[in-house]
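Next come two complexes, and both contain chain A; in the first it sits with chain B, in the second with chain C.
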Partner chain A sequence: MKLDDQTFRLTDAGKLGMIALVIGVIGLVASGIGFTMDKTQFFHSYLVAFVFWTTIGLGGLFFTLIHHLLHPIWSVVVRRIFESIMVTLPLMVIFFLPIAFMGGLSELYHWSHADAVAHDALLQEKVGYLNVPFFLIRAFAYFAIWAVLAFLLYRLSLKQDDKHHPELTGRMMAISAPGMVLFALSITFASFDWLMSLDPHWYSTIFGVYVFSGALVSVLALIILVSLSLRKTGKLKEIITVEHYHDLGKLMFAFLVFWAYMAYSQYFLIWYGNIPEETVWFAHRWPGSWKMISLGLVLGHFVIPFVLLMPRKSKRTLPFLGVMAFWMLIFHWVDMYWLVLPNLHHETVHLSWMDASTLFGIGGIFIWWFWRTLAAHPVIPIDDPKLDESIRFVNH
Partner chain B sequence: MDAVTAEKTHVDAPLIQGNPTFHDVSEKISSLIEGKTPPLWFIAIGLSSSIVLLLLGSVGYLLWEGLGIWGLQNPNGWGWAIVNFVFWVGIGHAGTLISAILFLLRQKWRTSINRFAEAMTLFAVICAGLFPAIHVGRIWLIYWIFPYPTQYLSMWPNFRSPLLWDAFAVGTYFTVSCLFWYVGLIPDLATLRDRATTKIRKVLFGIFALGWRGGNKQWKHYELAYLLLAGLSTPLVLSVHSIVSTDFAVSIIPGWHTTIFPPYFVAGAIFSGFAMVMTLGIITRKIFGLEDYITIRHLENMNKIMLLTGMMVGYAYGCEFFIAWYSGNEFERFAFINRAFGPYWWAYWSMISCNVLVPQLFWFKKLRRSIPVMFVASIFINIGMWFERFVIVITSLSRDFLPSSWDYYRPTIFDVTTFIGTFGLFLTLFLLFVRFLPVIAMAEVKGVLPQADPHHHDTH
Partner chain C sequence: MSERVAGVIAQFEDPAALLKAAERVRDEGYKKFDCHSPFPIHGMDQAMGERRSPLGWIVGGIAVIATLAGAGMQWWTNGVDYQFVISGKPFVSYQAYLPVTFAVAVLTSAFVSTFGMMALNGLPRWHHPLFESEQFKKVTDDGFLVSIEATDRKFNVEQTSAFLELIGGTNVEVITCD
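Up next is the complex of A and B:
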């Protein structure tokens, strides 16, 4: 991997893209075989992988929006990274197609069966929202919003590289303000549609914010990992300094606490209210070894990283921060798994090879696409008016 | 650089206008305390303390006569007192958010507004705490809420009751906010001590300045203490209103029992807190001529926060309404239809207009920077946030599960006088504060002046 000192482009993007592509293709082919063997298992595993990578892409979109709204200085140096993560969102629509048109709906969503609805008074009440055509229209509307925002913001960002365009900062802000409103609504309803309606009787007002909080943690983790891998090129060591990692670490810490706050609000209020139609959702996450996943999530997604990331030193020791970032990504996947799979395996956790093949299949393509985007242009926004300040930035 | 060019080049306007020296800052802020008391102040405190008398009278009569003088009835066991409690606790959220969270986020503009916002936090929490205390009926037994070991009582409070958590959450919040405020005041108190011309000032400021000399070592300790207190206060800003929300959300009453309540209440609290900081900030700024310290940039930033938090509560209203429908549960659905179109429709739509529609004005830069607009908007938001709590508390209770017990809640004159009375208390405390303590954090403002950073090392 080599970085040109003048243009800040990766003249040699290394083998990562190729490796990711190969893994992705192998994963998808294997998943395709799985599809022919066991459609039900395939689609559940596939949905976990799909929401895992989509939420990371959405996290990238969120960081781009908030960056343009708040004009922070420190994050300018890593802006290209989260912008490139955001650019994976238009790609994710392709991965949605199997769920939409290859029988995924009927395997995953109980409410999509007309005969089930006919015998279920509650589902009849919801049929105005939970029906296949409207579900698809909504899904494509979410993707349209995300793709348009990603496309517009990324194009302006590249345009800024050409020469000094201070007015573009204002344009990006003007898109981001309404973009943030659209983002909040779309991620909320996407969470309701894709994840909450897996158990169509169950409902929770905080669910959208819960999914959003996990997306924030995981995208920060990915930003940290990508920045660390770019350090191998040498030059970026002086640009993305330990000060920036410290801030990324602080934010990852803050948002994992935010995730815990959302998770706790949801659990605690349902536990205390103790109404069967609400507690059933947690009851499904308790039998057999599901207990271990539920408790493991509390420990792995909150308690352990909370303690380990608390000291200043742990956020400034880069190898350690990298391990913690990887750890958070693993637990984001566990979180998504915990949201989806209890609807299939009621008795106990039942891992399938397809959980891995779909994760690496979609993930390989995701990383390949992301890396291609990042490598095609300067890896830092070279003409951002605040770049110099950002490089000099120091934590006190 | 003036504000217009700053706008054009997307470089932020200077935090403090008029390019004052360090000495100018001390002179300006201290003169508000050291100068002759303006007649307007006497008129204002005369009025506000008369309203405190109204409060004392109302509370006195309540203690003498009992809770029957309020509009409480069956099924509305909670009325204005709880509405007012949540309203005031909410207002008490901006101060600590500004001093703790904005500090951790390196938002230097906070230095001009943190001092009086924190003071308002304390005064608002005092007003808030009054309501549950007098609501217990026998206030002389209020200490029973504390789980102290005693043979006399031979029982413990119910640890599973959110009302008990309230006592701890609000108590902790008040204590830490007080400490935080005081720690921030120490260097300024020392400045006032050093400038004191009368014996009594010298002694009093001297005692409270705790021997501050402004040495390098002292500053080092001070900044560490400030950082630690900011870290401790940050979860408290979120936890207090989360706990308050559980007063409602742990029950199974439709309209109360919903999982989004904790973050939704926190967003609402910050929203209302900023509105109150804005209302009083604009008046203070005008009367004391602090336009160079609390600039349009500060006000605009606060308006942006209000736009954001206003959208957040709008999101929560929408989310609740949608999920009530989506649940397919007829009680949930009824609770929300009843809110919007039932007997309290006027309260619901006042809430929506003030909290969701009014902040939309702040999308426009011109309106965001117009003082008359933001002043009026902040008052509407204060009203709207009171109505939000009214809608939550009253509509759900007045229509409980048994239609035979439904009733229409009406406050009595004593509900009204007690509520107005707390405004008197709040304003009296605030007036005393602006007269006797520095309304702007002098030491912190000096730290963000350009000459405090001669090497342009620290430009964010």
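Up next is the complex of A and C:
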């Protein structure tokens, strides 16, 4: 990997993109074989992988929106990284097509079976919302919102690189304000549609925020890992300094606490209320080894990183922060797995090779696309009015 | 009434000179000294050799105790000492302990942070011998001063005054108090 000191472009993007593409293609081919063998298992594994990578892309979109709205100084140096993560969202619509048109709906969603609805009073009440055409319309509306926001914001950001265009900062802010409202609504309803309706009797109003909180933790983890890998190019060491990692680490810490707060708020009210139609969801996540996953999430997604990331030093020790970022990504996947798979394997956890093949299949393409986007343009926003200030930023 | 020496102060030209002076005083081995300026000076913490405050670790340690105390209080009152069925839950329902435990931990931490900060800063105090000095009043306007306190182990009125003059201080003044 080589970085040009003048243009801040990666003149040699290294092998990462190629490796990711190969892994992605192999993963997708393997998953395709899995599709022909066991459609039910395939679609459940596939949905986990799909929401795992889509939520990371959404985290990138959120970070871009909030960056433009709040005008922070410290995050300018990593802006290109989360913008490039955001640009993977238009790609994810392709990965949604198998779910939409290749039998995914009937494998995954009980409510899509007309005969099931006919014998189910609760589902009949929900049929105005939970029906196939409206589900698809909504899904493509979410993707339209995300793709348009990603496209507009990324294009303006690149335009700012060309010449001196400080006024574009204001334009990006003007897009981000309504964009944030659309983002909040779309991620909430997307989580309702894709994940919560797996168990169509069950409902939880906080569910969207729960998914969102996990998305934010994982996007911060990915930003940290990408920045660390760019450090090898030398010059970027002086631009993305330990002060910026400290802030990224602080935010990752904050949002994993936020995740725990959302998870607990959801659990606590259901536990206290003790009404069967609500507790059923947690009851599905308790039999056999599911209990281990449920408790493992509490420990791995909250307690352990909470304690380990608390001291200032752990956020400023870069190899350690990198390990913790990777750790959080693993647990974000476990979290998504925990949301989806109890609907298929009721008795106990039953890992399938397709869990891995779909994760690496979509992930390989995701990383390849992301890396291509990042390498095609300067890796820092070279004409952002606050860039100099951002480089000099220090924590007190 | 006997007067005793409280410390020595000296003025410096500008923020840069004050920063240099702070480094010299630090390198000379003085611990109980301070720099005074009308506005914060970037890099002063390092120049003065300030270590990070131990407050975070104090708060952290006490927060652990408060967490255990918060959970233990609920466990003892409702689970052991006065067992009472609430909404059909077991006597010991740890799920229900979390909000109160969390609140106790946060409240305790907030108090320890605030009062610990004040204690470590030597607050509250009503007066300081430096306030007797006429030239010290310039510190709220255009004065850049270094003060070295008499309680410092290296302090010696003559030597410290000479040292401050040596590193470029002007108007060296010995501060006394009753």
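What we mean here is this: the second predicted complex is superposed on the first by the 396 of 396 C-alpha atoms of A that agree within 3 Å, B and C clash if a C-alpha of one lies under 4 Å from a C-alpha of the other, contacts with A are read in each partner's own complex, and residues count from 1 in each chain.
By our rule, a residue touches a chain if its C-beta (ideal position, glycine included) is under 8 Å from a C-beta of that chain, and two chains touch if they have at least 3 such contacts.
Only a predicted model underlies this, so the values are computations on that prediction, with no experimental measurement involved.
Engineer: Answer with first, second, both or neither: which of chain B and chain C does A:262 touch in the superposed model?
Structural biologist: Once the two structures are laid over each other on A, A:262 reaches chain B alone.
Engineer: Does the superposition put A:206 against chain B (first), chain C (second), both, or neither?
Structural biologist: first
Engineer: By the touch definition at the top of the document, which applies to A:312: first (chain B), second (chain C), both, or neither?
Structural biologist: Only chain C is touched by A:312; chain B is not.
Engineer: Tell me the contact category for A:162 with respect to chain B and chain C: first, second, both or neither.
Structural biologist: neither
Engineer: Please indicate which partner A:272 is in contact with in the superposed arrangement: first for chain B, second for chain C, both, or neither.
Structural biologist: both
Engineer: In the superposed arrangement, which partner chain does A:181 touch: chain B (first), chain C (second), both, or neither?
Structural biologist: The answer is first: A:181 touches chain B but not chain C.
Engineer: Based on the A-chain superposition described above, do chain B and chain C contact any of the same residues on chain A, and if so which?
Structural biologist: In the superposed arrangement, which is not itself an observed complex, chain A uses residues 268, 272, 274 for both chain B and chain C.
Engineer: Could you list, by residue number, the parts of chain A that touch chain B in their complex?
Structural biologist: Spelled out, the residues of chain A in touch with chain B are 71-74, 121-123, 125-126, 129, 166, 169-170, 177, 181, 184-185, 188, 192, 201, 203-209, 257, 261-262, 265-266, 268-270, 272-275, 277, 385, 389, 393-394, 396.
Engineer: Touching residues of chain C toward chain A in the complex: what are they?
Structural biologist: 52, 56, 60, 87-88, 95-96, 98-99
Engineer: Could you please specify the touching residues of chain A with respect to chain C in the complex?
Structural biologist: 264, 267-268, 271-272, 274, 310-312
Engineer: Could you pull out which chain B residues touch chain A in their complex?
Structural biologist: 9-10, 235, 238, 242, 246, 249-252, 257-263, 311, 315-316, 319-320, 323, 326-329, 363, 457-460
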